[in-house]
């Protein structure tokens, strides 16, 4: 089987220099070049692959039991003729709190700018991409699925295709049921300050830890507020557990299901909108996908929507489906 | 130890005759008379004890491992001098869907009328109660704790004292995290119609069943709507899981934490407001209690608030505390 | 529907006087007399109904949501003609550690003697039973199912029929998977001494508590040893968790699946051997039942064996099946 | 920080050629060379690092949130002076059923020979190792921890030091509690044949899958039997769940806690015996470690034993401790 090439680029981000969490602004970003790239002169479509919360692009190269790393998957799909040769880019938007949701937040950093402006330009400069929106896709899983929706809706001039696996949407069912867990967990870790400061080194990283982390990391992304402690507002009162409606409303401004009308022209312009989710999704994201595509349907926008019998984790095999959908939707 | 007497009354309810669920309107209602009642002529305060969801008054007589049935508990507390002799009334507001929340609902029945009008009058007529609000308390657990709050707020002329154990309040944390479970469970049981019709006989009554039942029973209580199937509105779209905001708003009109201002004079007039909840409450009701008492505190209303290290179930030992609080707060 | 009568007898046990746990030797034992008993002179078969761990006979009278207490169930089955009129006896073999397994143990008490000698004689003396083994059955659930197997195997001259719901058997799958939970739980409760002394009053009685309690109570029943602390041997080393093979062997001497050959004549003489268990049994007791009936089958002994789709708890509806089987197997 | 070099060797195994599962006999095996190796001429101790079940050496290079891949960890430990420069070898003993336990099994393959004979020779031939037992260690986690114990006990002439993190031992608590889960799971997957044939592709790989897989893979390793279906014996009867005592006894011949006396001289000869386990280990392996070291202590054999507050997974940070112990125990 012809094998593509993986080049792990070291990229210095201006957008992330001086980011508030003190995270690195120099990242290792794998780029997959399809078989034939090295010896030929053709130009290729490019797909930005966004990982989920606690992930970064280099993890897409990880070896996994009974499964393929992303480059091997791509080699196989290309060899089978299922997918056309494409370049894959694997950004690193990991942070010390687990991620960034691929958006700009004064509490986390300018990760949206980093991806949309810096990485796109870098790749188009350095590699033989077909540098237009019709040949540039964004695909992701979980928070990465979220990221791709947000990025494609907000930057239709950049991305012409998007595919989301189990993407974060409909926060009412996706995040809200976990608020109680976060309220309960915070005191176990000595309160927000202590937890926040010790995220990387806390052991064990047990269920309580993740209950709390998920919510506070999302708060840092969705409800930043420079004067607040650590630069963001929690969506609940840590003493009583009461929802802060005003903060929650700010979260909802980032919920894809409520952004359809705002970005209706962007959505209509996309060559591909692909969404799927597992019927056992631990974060109820199959409902978010259903609601999102219902909105699209009501507005006459085309999409591909699939459900499958699995949960939220270890579902990278779904890329077989999304990469094919992307490949099929890209014009020759 | 002197023992009180339990008389299980058979009471025919006019309020419940023809109730929409076809539930019995003739109930067995235990009445506990304290030691000395049978031989003396004194009048006694009266406490209405409301059971939780899936409960009814006769279950308070159930034998339990390592614990006392309610009459034995009361005998002991009276013998110890902790609690003054009082009459206890144990209403039956169970229905084929598990309960009624002690409110009037066109989908379930007039259970609020039944308790507040019929049972109070029955007991005052038949037994030597001190028939005024200062000597009439309502206490309950879980949905019964909910019931007591609602009844005391809405009928301050009837009840002058209230005590709630792990009462349903702050539906945002108490019910909402279970909506997803209900959305998931409905299809497993063949949809709402089939589940609704077979509630009493479904086996096994497993977690999925209770996930669905809890929400649909609350919907029948809080969001009745005669033209809808089965006479009520679900708070979510069963296909997509999307919250029906308008229906949810009708639920919130029954949420005690939002009713404080509406019933502020009633609350202020109460001789006792007692709330507790366990720190491991499976339905997050410790937060509801915190929010409720915070509202009271901000408005200068007195209350007793306790938390304890236990969950939502098997906490009848907490009656030792609430009965004492009631006893202490009743004027001589 | 004609209703039977329940008489709650107060029975003073000589066998239990001075029992090592200091438990009461005066018990309240409900006796159900079928419709017609009070006005007629007929004699009736008698069924001893043994409750599970943490249960006692009076709990069979408890009111339960969507279900019948035992007397109501019996009234219905008799009215339907499914079951012939029979007397039911509901022993109390509860102890401060949750139960007794209905056997004699120097660490717990002479509960086997109590049931087989005292209660049988008491009932035959006082009530119009048909006082022979062919008209005397023992039925039970869980530990009670265990009890009935043990009692019927060991006392075939007393009991001629037996029915077991989810009875404890094949300890290898029924108890052993919980040993690790007990090893873990002991230190949480301050060690065996402290836990043992505080069993009745420990709060909360959470999963850890039951993990530990189940094993230590069974140890008190199956591996008593007067010189040991509290009069019994744990089946594991509390420091290392290592199984004490010699103690475990003593447990296995009480495991019904290993007692078939020893009591082969007793089993062969029974008019009815009925076993069932749920396919979701939390203690794997469906496998115990399968192994037991496989042994019977290999030895040419008749039995009725059923499995059903439910777990270990709230399965009293299965009495409909076992009572019919008993009724059918009793000679006219 | 000086960085070592990772060379991913491609190694063709004669021992594994024609292995019964049809797994590859050509493996990719990472070798870590410490900083200075490439430019100097010194010889170094060598550590074989064995991964757990479902793992293989290349996964030790995986990128992980909030943690280091093994080479980065080693670079840091060497830079700090905590650990001396050492060569690390990361074998691949993964199979289509998840692993091999690093032993020879007619049902799985000659993985013990592969590691002990082939890989040791390969590394000593190709790299500047100090090629004696005093400078050759084996360390592992979980099944890899098991592997290191087995290999060190059985091949003391090859390995002079061993360190085990949460190693499989005391199968009574480590595997047996999961037998019931396997018995339950098999029918869900259509029985052993179907499950066995579809292991790599089954989706979802949920808890039931892993319950079944863990037991059948261990059976293939510990109780191979060429005439049996798939070449091994299950330790239970799949119909009744009954333990096959004879098969289980064959498992126990591979249980380290029962092998101490057999390999007492080997153990006594080791320069280092290090064991640890987490107090929340999901497979109860802290008890296995306690039992093992108790055996050592009773026989006067030195060891290092630690426990820590974490579970079985994501504990690679414990290598900081074991690598230091190895480094300290190697003679200059």
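For reference, chains read A, B, C and D in written order, and residue numbers begin at 1 within each chain.
The definition used in the following text is that contacts are C-beta pairs under 8 Å (C-beta built on N, C-alpha and C of every residue); 3 or more make two chains touch, one makes a residue touch a chain.
Note that the structure is predicted; figures quoted are calculated from it, not measured.
Q: Using C-alpha centres only, name the chain that sits farthest from chain B.
A: D
Q: Based only on mean CA positions, could you tell me how far chain A sits from chain C in angstrom?
A: Between these chains, centre-to-centre, one finds 57 Å.
Q: So what's the Cα centroid distance for chain C and chain D, whole Å?
A: Using C-alpha averages as centres, the distance is 46 Å.
Q: Could you put a whole-Å number on the gap between the CA centroids of chain A and chain D?
A: From the centre of chain A to the centre of chain D is 35 Å.
Q: Show me, using the given definition of touch, all chain pairs that touch one another.
A: All chain pairs meeting the touch criterion are A-B, A-D, B-C, C-D.
Q: Please name which positions on chain A make contact with chain B in the complex.
A: Residues in contact with chain B: 170, 172-173, 176-177, 179-180, 183, 239-243, 284, 287, 290-291, 294.
Q: Looking at the complex, which residues from chain C come into contact with chain B?
A: 54-56, 58-59, 61-66, 94, 96, 98, 199-201, 203-206, 278, 280, 308-311, 314, 317
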